[in-house]
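So that you can tell them apart, the chains are marked A, B, C and D in the order they are listed, and the count of residues begins at 1 in each.
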Amino acid sequence: MRGNTFGKLFSITSFGESHGKAMGVVIDGMPSNIEIDESELHRFMLRRAPGQTKGTTNRVESDRPQVLSGLFEGKTLGSPIAVMIENTNQKSSDYDKLKKEYRAGHADETTMMKYGIRDHRGGGRASGRETVARVVGGFFASQIIPDVSIKTELEKVGDLLSPSEDEAIEYLEKLKADGESCGGVCVIRIQQPPRGLGEPCFDKLKADLAKAMMSIGGVVAFEYGLGKEFADKKGSMISSDENAFGGIEGGISNGKEIVLKVTFKPTSTVGDKAKSGRHDPCIMMRARVVLESMAWMTLADHFLRQRAYEGR
Amino acid sequence: MRGNTFGKLFSITSFGESHGKAMGVVIDGMPSNIEIDESELHRFMLRRAPGQTKGTTNRVESDRPQVLSGLFEGKTLGSPIAVMIENTNQKSSDYDKLKKEYRAGHADETTMMKYGIRDHRGGGRASGRETVARVVGGFFASQIIPDVSIKTELEKVGDLLSPSEDEAIEYLEKLKADGESCGGVCVIRIQQPPRGLGEPCFDKLKADLAKAMMSIGGVVAFEYGLGKEFADKKGSMISSDENAFGGIEGGISNGKEIVLKVTFKPTSTVGDKAKSGRHDPCIMMRARVVLESMAWMTLADHFLRQRAYEGR
Amino acid sequence: MRGNTFGKLFSITSFGESHGKAMGVVIDGMPSNIEIDESELHRFMLRRAPGQTKGTTNRVESDRPQVLSGLFEGKTLGSPIAVMIENTNQKSSDYDKLKKEYRAGHADETTMMKYGIRDHRGGGRASGRETVARVVGGFFASQIIPDVSIKTELEKVGDLLSPSEDEAIEYLEKLKADGESCGGVCVIRIQQPPRGLGEPCFDKLKADLAKAMMSIGGVVAFEYGLGKEFADKKGSMISSDENAFGGIEGGISNGKEIVLKVTFKPTSTVGDKAKSGRHDPCIMMRARVVLESMAWMTLADHFLRQRAYEGR
Amino acid sequence: MRGNTFGKLFSITSFGESHGKAMGVVIDGMPSNIEIDESELHRFMLRRAPGQTKGTTNRVESDRPQVLSGLFEGKTLGSPIAVMIENTNQKSSDYDKLKKEYRAGHADETTMMKYGIRDHRGGGRASGRETVARVVGGFFASQIIPDVSIKTELEKVGDLLSPSEDEAIEYLEKLKADGESCGGVCVIRIQQPPRGLGEPCFDKLKADLAKAMMSIGGVVAFEYGLGKEFADKKGSMISSDENAFGGIEGGISNGKEIVLKVTFKPTSTVGDKAKSGRHDPCIMMRARVVLESMAWMTLADHFLRQRAYEGR
């Protein structure tokens, strides 16, 4: 009830503060007898790690996942899969000055309002570091549904429209050198999704995907299909062949590509602080695998839900 | 698990097909000993009813709520509150031709994909009529949190920016006469919200509000604070005094006004069919009280959640 | 969270006070396309109704179920099934003297402790009348799992061991005439259950069945297999051919008959009051269909849960 | 949904196979700002450890808990508390012969029925070793509710009635030397519980306590108050001053001592195997702290639930 669990039939429970001993996740609801390649898991997680592109932070994070339970001889047992990632770079000396510094757009002040206590050494639970749990969950979720693929595209990075990865990185490096940050927009494409996922009332597929995406720090807007463009359309202008509804009708997937769009706000840290190695000028670059992971988990959950009712 | 329940500590379970015997809702988690004025409930529900403004459908719906349980001598008992609204205007003769007609942007076809059966006489569970359950829930939720107020503003109705109610209605009447429909944008303002609501991880207040709004049929985009405008901003351009984060930092309310924005798609029905009395050219007008109701319920749920942990 | 919902994939939400307008239930998670014979539902419910056997109360309750939603042309739609049963015999004049009377072993006093308010005209939510919702749920649950049958046997009624129905009724009539009440023990047999139901940790089948049975008013003990007799056994005395473990090993069904045992306490009302028509000397007689219904729902829930993970 | 989570507002998610890398637990819903003494936690856990009394297994288990998250400078943060206990004594060489050996009364065979795969080196999730997670959860739960105390008493150990601890140990040592095992009965007393805990319908306090206790391996019967003795009573024989209802009326605590009784079956292993060091002749001795832990968690959960609705 404190909101550290996501999903119903496929669920993850996330734990760990950014500057505590370890981050981790317990996955409950993984079907049994599925082969898991732990090196693939690690590769998937590396997409999130900073240092991968020069545009993002240079901090080296090992992020080596330790699987504590749920696998036996390379296969899932059907029991909870616990994965721990130790936090290695705790330099507590740096942190005393952060004790009473509340950063705008962060959880620092609201955490004190809510709990009356916080680990001032970092973002705690609201830290981007928490997303490592989601990526582990996303990897396992991706092993459940056959034939689906999920990918993300950069629609906008600061002033650039639909840049290539290289263009985006070059742009962000310049931005960083200036102590500046920027927002951006990402498109998530879920290709060949199963039909019939999502429920007609509160658990519409679009609603659960919205929650999934909006639960990521820094995401400030969610759209599907034509999204905000719909506000400029008349009914007669919408032709069904353009997949205007983004693969979801009446809250339920229709088998067409599911198209989602999320907007990120600029990182709050600007000025001299932003020039140092520890800060991303736009977290969207690293967050793409988190977006995909949240999409995988939402889909896997609804896939299992639907299977329960359909019969064999 | 079929997604007809919304909320955890304050929850509603919704039932009813648009052309079945009755719609209804069971509210579980209403605190006891709260005075309820049933005539106020009815007034609140009338804001949703069509026929209220000329721009919306002229169909007369009685929508008189019958409270079946949970109230005693004008006060809540703490037990589930069941409210039923009978469906009065079932004209089954009209519906035979709808049997195999799947309307684009509706749940008709996806319902068949999912269930292998549907009540072809209407939208079933995905019908706008289902929202009556949400409005009942919203009314009760609004009785729980002191001092908060929630209101909606029209930001865009088709071609009009920030129209008055009268301007919007006149515009929509013209649109309807032409057999046309349009989309729109609504701003929801939650004033004087409690601080500390929302959880730092998956159940961020922005995430649960996103799910709440995106669970409404016709809603295609959700934003909070500056929303999509953030994509055009540099970090240095964001000043904290403009409430850029819309009252939510790190997923937790900070006590400032919570500002949300939702976009509606145009109604799918256009052409001659759209000219008749039964269709809204823009459902946003009627949906405003549904938006507010979903906001009330999300807030009440998080209010009770927070109270559980805070102690007395 | 106020505990009026039972089950996860097959769930019921119960509502209604014993002396309010109506009792009712919303079933969520019924698979679609299942044929339902409403007259069978009514017959199933009649097994609970008093007046059926002379040993139980003579009050006439119509208990005619009105299906408000979820069925279309005799089949389930997959949407929530709401069923309402109106309360017809509210004679409010009788009830003033009950305002401050707290009956031992009832919820009267604890309800005031908990809510600070109660409907003094009857047992409210803790009334036996609430079980009508469970019986409706049980009937629908029984339509989901093929080949299973569930029945109950009287092991003990007051001083009688394994009486026939007629012997029990005669005994109870005599007891009632004396203003006395008695306890009893019932055995529930679930025959030909599916294998593999139940989870190895908290949601062991025996644990969920225990919760199901102990949630019924008047039930004071739950056993499975040899139950309390195990306390008198040595390990070497247990032979596997006697089904000592009652069809459940390690919390999971093994395909053998599941054998449960529940004990009822005597009705609290004794003396002159107990002689009148409104009181059962032993509620176990009427409660048998409630026991079976709780078993059906628990089984259906676990059946759907298992199907979600097994694949097709 | 695979049943590895227990509780709603105070919840634990348990993970780990008995012969995997580690056992562990994630506690979600611990209030913030509560002082925690980790050495007290360890002491509490030692009550479960074998080797403590000679009557139980001699296997040395270190069971040193590593707190991975949720504590900061000796206080709870309000974020999830993850605790890991490494499994140290995995001797994989012993286990090949267990591959196809299905022990009666264990989960060995039903696990294969359910998952089609199992870790044959031990009981997996159904192992008694899993209860370490529950004891950690129980310790934290016990820090939430002021003034309550919970204790267990031996009512029956094999042939002994109400033995002292020493008498029981001596008896069990003899039994073990004979390769025999026995069942037993334990009484759990919850003293000075808060009033008003438990819900009147499905989540009656007796029902949730029953589920809690019956979710422990080896527990075969649950009673409260007079329990099975009620079957031999007439209504007129029940006097309220003896606390016949065990502190619970209408499913809700009345403030009196809550009295529960659980029965354990004899350990299945008998004969020569039972004489070796690894087997308990009666797991009830070690399980007492598990019983108490389940009681603590059930109480803490209902305490927080009630606080949510009561207001400040």
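Basically, a residue touches a chain if its C-beta (ideal position, glycine included) is under 8 Å from a C-beta of that chain, and two chains touch if they have at least 3 such contacts.
Everything numeric in this text was worked out from a predicted model, so none of it was measured.
*Asks:* Determine which of the two chain pairs, C-D or B-C, is joined by the larger number of C-beta pairs in contact.
*Replies:* C-D
*Asks:* If every chain is reduced to the average of its C-alpha atoms, which one ends up farthest from chain A?
*Replies:* Between chain A and every other chain, the largest centroid distance is to C.
*Asks:* Whole-Å distance, chain B centre to chain D centre, using C-alpha means?
*Replies:* Distance between chain centres, rounded to whole Å: 45 Å.
*Asks:* Using mean CA coordinates as chain centres, what's the chain C-chain D distance in Å?
*Replies:* Comparing mean C-alpha positions, chain D is 27 Å from chain C.
*Asks:* Any idea how many Å lie between the Cα centroids of chain B and chain C?
*Replies:* Inter-chain centre distance comes to 37 Å.
*Asks:* At least two partner chains per residue is the criterion; list those residues in chain D.
*Replies:* 1-2, 4-5, 8-9, 14, 29, 32, 78-79, 114, 124-125, 200, 305, 308-309
*Asks:* Which of the residues in chain D come into contact with chain B in the complex?
*Replies:* Those in contact with chain B are residues 9, 29, 31-32, 78-79, 200, 304-305, 307-312.
*Asks:* Could you list, by residue number, the parts of chain D that touch chain C in their complex?
*Replies:* 1-6, 8-9, 14, 104-111, 113-114, 123-126, 130, 156, 158, 175, 180-185, 195-196, 198-204, 206-215, 217, 220-228, 230-238, 240, 244-245, 249-255, 263-271, 274, 281, 305-306, 308-309
*Asks:* Under the stated contact criterion, what part of chain A meets chain D in this complex?
*Replies:* Touching chain D: residues 1-2, 4-5, 8-9, 11, 13-17, 20-24, 26, 28-29, 32-33, 66-70, 72, 75-82, 84, 114-119, 124-125 of chain A.
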